[in-house]
C-alpha cells in the first residue's frame, strides 16, 4: 500500500509535468492545445532517437530535445495557429484554434507513423528501471528522477513567470491582451514564446517518461485525455494546479486499483472530472488570469 | 425563351431530387452505394450536431455518446425483448434526449473551452462505462465485446435487408426530414432565438431570450436525432461495440466535417459530408494501404488549411461558385 | 410616478466599490441622463439594473416589482430594454433578422414579428439597409440597429449606453432626433453619456456620477450650475470635441 | 424565404452528385476483365494494431508473389493458369471501416474470396457481410468463439478459438503442477479490457472454479492505461502463484518491464499470444520477459521441414523473422490456394465443399505446429493445436523457446517452473 501511494505521487507529478505545457498555453492564449499528446509523442521520439543514435544517458537528451521542441512549438504557433487566432479576434467563442490544433495532432501522429512505422520502441536502461527501496517502499529510479525533474520544472517556470522580464510580459499578456499590447508588448511574439515553452515542457516530459514508458506514433493520445482532466481539476492556467491535478489522478489510479479493477479507476477519473466541471469549473487553483 | 433564376432553381431542385432518389437505380455496385450511405449517414450526424455546435454556438465534442445510446437502446430492446428496432429507435431517441438535457443543464453554464472538454469527458465516461459493464440486472450490455445483431433475412419489422438499397432510402429519408426540420426550425422563433443566443448570449439575453433554455432545446433535439442515427447504424452494420459507436474519434469526426463544411449554416454540414467522406474513402483505399497514416495526415492538413484560409467553412466558396454558375446559366438559357 | 427606482444600490468588485449607495429614479415617459467621466460607474449601474451584473446590496424596483437579482431575459420580458456601449449586433445576420429577434419577444408568429421589425426599421430610417448584413453597416447605422433591436421588444423603459460615442456632430443630431421620436411614443429613456452637452437638450433630468457615487441630480440647468459637478467633471471635459 | 435556401442547396447538391456519378461510371469502366482470382484482404494497416497488420500483409505478398511467379494456379479447369490478385484494405481496427471494406471488396473489386481482419471485433461483423453475399471468408487469426458459431456456411477459421486457448492454458497449469510436484492454489488474471481480453477472462473465471483454484487477482485495464504499476503492486500484495495475461503490444511491454523493475514475479506468467507474441515485445523487454510462458499456435524453433529456408527468404525481403502472426497469414493463404487448386473455380459452394473435404497437410503445411488443417461443418479448423513457448536466454539473446508439448520442445530446454526469482 505504501508503495502504491508512493507510485501515485511519483506518477502523479510526472502526469502533472505532461500537463503543465497545456495549462501554460491555455493560461496565456486561452486555447486548449489538442495537439498536446502529439507533441508529447514528439518529445518521446526525439529522446528515443537521441539515445538510440548516441547511446548516451537518456537525460542527456534534454540538450537536444528542449531546443528542438521549443522551436517546433514556436514556429507551429507562428505559422499555423496565429493566422486563425487573428481572424477570430472578435469572435466570442473562438473554436477555430481548437480545431487547428486538432489538425496538427492528426498531422504529427500520422507523420510519425509514415516515418517510423507503427512499431513500439523502448530504451532499456536497467540502472534506471530497477526499483530501489527505502523504508520498505519501492520505486524505480527513473520515476524518482522524473519526480524531481517535474518539481524543478514547475518551480523554475513559476519563478520565470514571476521574476524574469519575459515572464512578466507573458503574465501581462495573459491577464489583458489589449492592455499588454498598449504597453508595447508584441502579443504574438509572446504567444510564440509561450507556445514554444509549453511544447518544450512536453519534450522534457517525453524525456522523463521514456525510461519507463514506450513510444509509438499514437503514444501521446492516452496522456492527452488524462492531461485535460488534470488541467481542469487543477484549474486551467494554473501551474501548481497542474501538479496537484496530476497528483490526484496518479493517486486515484494507483491507490484505487488496490481496491477495484484498474479499468474502473478511469471511470472514477471521468466522474471526478465532470463533477469538478459542474461544481467548480475554475478548478482547485483556478484564479482568473493568475498562474 | 428566357428562364428566370427562380425557374432554373426549381428545375435544378427537381432534377437533383430525382437524381438522389435514382442513385440506387444507376449505381448497381453495392460498395458505391455503401459509400453513399456512409456519406448520408455523416450528413445526418453533422446536421444533427449542427443544432448545438452550429446554431447554439458552442463546441460539443461528445456526440458519439448519443450514437452509442441510440444504438444500445434499440439493440438491447430488439435482441432481448424482441421489440422492433423502429420502435427501439424512438425509445433510444427519447432516452438520449433526456440524457442530453441532464448533461446540458450544467454544461451550458460553462463557456467555450470548458464546454468542449465537458462534452468530451461525458462521452469518454459513457464509453468507459459500457466497457466496464457486462450486464445490468437482466440486461446484457456485452461490455467491450459489444453486441452482434442476428441477421434474420429481409424483414421490414426487423429493419434488416440483404441489399443496401433499403438502407440507402431510409437514411436518405432521415436526412431529408432532418434538413427540412432544420430549415423550418431555423425560420421560426426557436431558430431566431437559438442563433441569437449562439452569436452573442449577452446581447440575446437583453432582448428577453432565455438563452440557456433554447440551448437545452437544441441539445435535446440534437441528442434525439443523433440517437436515431445510432439505431440506424446498429441495424445497418449489425454489430455494435463501445469501440465502434462510442469512441472519441467519431465525436471528433462529426464536429470536423461540420466545421470544415461550415457550421451554423444549413448547407455547411451537408457539403462537408458530401466532400470529405468520399475524399477520406478515396485516400484510405488508394493511399492507406501503401502508406499507412497518409490519409489521416491529409485530413489533418485539410483541417488546418481550411481553418487558416476559409474559417467559415467551404460552404462560402461553394456558394460563391454556384452563384456565378447560376448567373452564367440564366444568361445562356 | 417612478417606473424605475433603485434603492441604495451598491456594487463591489473585490475591494473596489464601483457603485455606491445609488438612489436613482426614472418617471414614466421621462428622459433621464446619467453623466460622469469614464470609470464613474455608469455602465456598472446599468448592468446592475438590467441584471447583467449581480448587485452587492440594495434594490432595483421596476414597475412596482422588485427585480433585484432577476435574470437579464426576465427583466427584458418585463419591458426594460437596453443597448450596449460596444454595439453587439448579430454580425452575420441581416438588419431585418436582428430586429426580428427583438420583435419575437411579444409574439410567436413570424409574420407578425417581421411586420413589426419592418415598422421599426422604417421608424429609424434604416429601411434601405433591411437586407444588409449587420457586419457591413457603418458605425452610426449599427448604433441605430442596436436601438431598433431594443425597441422591437416593445419596452416601457429603454436604457441607452453611450449611443452617441464615436458619432460625428451631424450624426449626433440625428440620433437625438430619433431619441425624441421614441420618447414621444411614450417610452421612458435613460441615457448614459460622458459628454454632457449632447444630452442637455433632450434630458428632463440628469444625474451626475463620480467614482461610483451620485454627486448631483436635477434639471440640466441645475446640473450645469452645481459646484460638485463643475469641480469633479466639467473642469476638463466640458464641451463637444472638435470634430 | 426558405424556399430560396432549398433551391440554393438543390443546385449545389446536383453539382456534387453529378461529379460523383461521373466518377463512379468511369471507375466501373476501368475495371478490365482478365483471368485472375481476386482475394480481398482486410487488415489493420493503421491504428492500434497496425504492426501486426503490416506483418500479415508482408507474408501474404511474399507467398503470392512466389505463387504467381511460378505460374499461378495449376489445376484442371477454367482457372488453370490464373494469377492471384491481392487487394488490401485498411480497417484501422474499426468494425465500421471493416464492414465497408468488405462491401467494397465484394462489390467493386469483385473479390472472389476474402481473408483477414485480425481483430475479432472486425472479423465478427465482416464475416456476416461476406456470408450474406456468399463469399467465402477464411479467417486466419481472430479467436473469438462466436465467429464460427453462427451457422455460417462461408466462414472458415484456421485459428484455434478462444475457449480452446483458455482450456489449454489450464491444462498447462495442471501439467506444470504435476511435473514439478508443486501444489498450485492461487491464480490471478490480468487482461486488457477489450473483446479479446474480456472473452478470455469470462472463461478463466469459470475454469478456475472448475479446477479449484482461488482467484486472488482479477484486474482489467483500459486500452488507454498509461501506468500499470498499480496492478503490479496489487499483484505483489496478493501474490497469485500463476498469473494469466491477455495484452496488446504496448501494454504487454509496459507490464513486463514494470514487473521487472519492481521485482514482482509469480511462479509462472502465462500469456495468450496477442501482445506478447508481437515481435516488438522481446525486443523491448529482453531479460525482463525471461521465463514468461506464451501460448501460441506456432514457434519458429519447431523442428519442421522447410522452415529454415522459409524464414531465411522471408527475412531477406522483409527484414523480420517469421513469427506466429506471419505464420497464421501463411497458413491461411495457403489454405485458400490449396482449395483453389482443388476446385479450379471460384464458385463459393464448390469452395465450401472442397475446403470441408480436404485435409491440408504436407508441402507448405509441413511447417505448421500441428499436423494438418481440417475443418468441421461449422468451418472451424478442428486440428488447430496450441503449444507453449517460454522466453529463455539462448546465447546472449532472448528467444521464444518451445517447451510444450514435450515432443515439440526444443532440444536442451526444459521448462523452468517455478521461475527462480519468484516471490
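Going by the order they are written in, the chains are A, B, C and D; count residues from 1 in each one.
Assume a contact is a pair of C-beta atoms (placed from the backbone, for glycine too) under 8 Å apart; a residue touches a chain by one contact, two chains touch by 3 or more.
These numbers were taken from a predicted model, which means no experiment stands behind them.
Asks: Starting at chain A, what is the smallest number of hops through touching chains needed to reach chain C?
Replies: Minimal hop count between chain A and chain C: 2.
Asks: Report which interface contains more C-beta contacts, comparing B-C against A-B.
Replies: A-B
Asks: Going by CA means, which chain is nearest the middle of everything shown?
Replies: Chain nearest the overall C-alpha centroid, as shown: B.
Asks: With centres defined by CA atoms only, which chain is the most remote from chain B?
Replies: Relative to chain B, the chain with the farthest C-alpha centre is C.
Asks: Using the average of all C-alpha atoms in each chain as its centre, how far is it in Å between chain B and chain C?
Replies: 43
Asks: As a quick test, compute the distance in whole Å between the mean CA positions of chain A and chain B.
Replies: 33
Asks: Could you put a whole-Å number on the gap between the CA centroids of chain B and chain D?
Replies: A distance of 34 Å separates the two centres.
Asks: Can you tell me which residues of chain D touch two or more of the remaining chains?
Replies: Counting only residues that touch two or more other chains, chain D contributes 46, 50, 54, 193, 220, 222.
Asks: For chain B, what residues touch not just one other chain but two or more?
Replies: 128, 131-132, 187, 199-200, 292-293, 296, in rising order.
Asks: Okay, what are all the chain pairs that touch?
Replies: A-B, A-D, B-C, B-D
Asks: Per the contact definition, I'd like the list of chain B residues that touch chain C in the complex.
Replies: Listed in rising order, the residues are 187-189, 192-193, 195-196, 199-200, 202-211, 264.
Asks: Where on chain D is chain B touching in the complex?
Replies: Touching chain B: residues 1-2, 5-18, 20-21, 24, 28, 45-46, 50, 54, 57, 88-90, 93-97, 99-100, 103-109, 121, 124-125, 128, 131-133, 144, 146, 150, 193-195, 197-199, 220, 222 of chain D.
Asks: Within their complex, state which residues of chain B touch chain A.
Replies: Residue positions touching the partner: 57-59, 106-107, 109-114, 116-118, 120-122, 124-125, 128-129, 131-132, 199-201, 248, 252, 255-256, 259, 291-294, 296-297, 299-304, 307-308, 311.
Asks: Under the stated contact criterion, what part of chain A meets chain D in this complex?
Replies: Result: residues 1, 3-4, 7-8, 11, 15, 110, 113, 117-122, 124, 126, 129-131, 138, 140, 212-214, 216, 218-219, 221-223, 225-226, 250, 253-258, 261-263, 265-266 of chain A touch chain D.
Asks: Can you list the chain B residues touching chain D in their complex?
Replies: Chain B residues touching chain D: 6, 8-10, 12-13, 15-17, 19-20, 23, 26-27, 29-35, 38, 128, 131-132, 134, 143-146, 148, 150-151, 162, 164, 183-184, 186-187, 233, 237-239, 241, 243-244, 266-267, 270-271, 274-275, 278, 281, 284-285, 288-289, 292-293, 295-296, 318-319, 322, 325-326.
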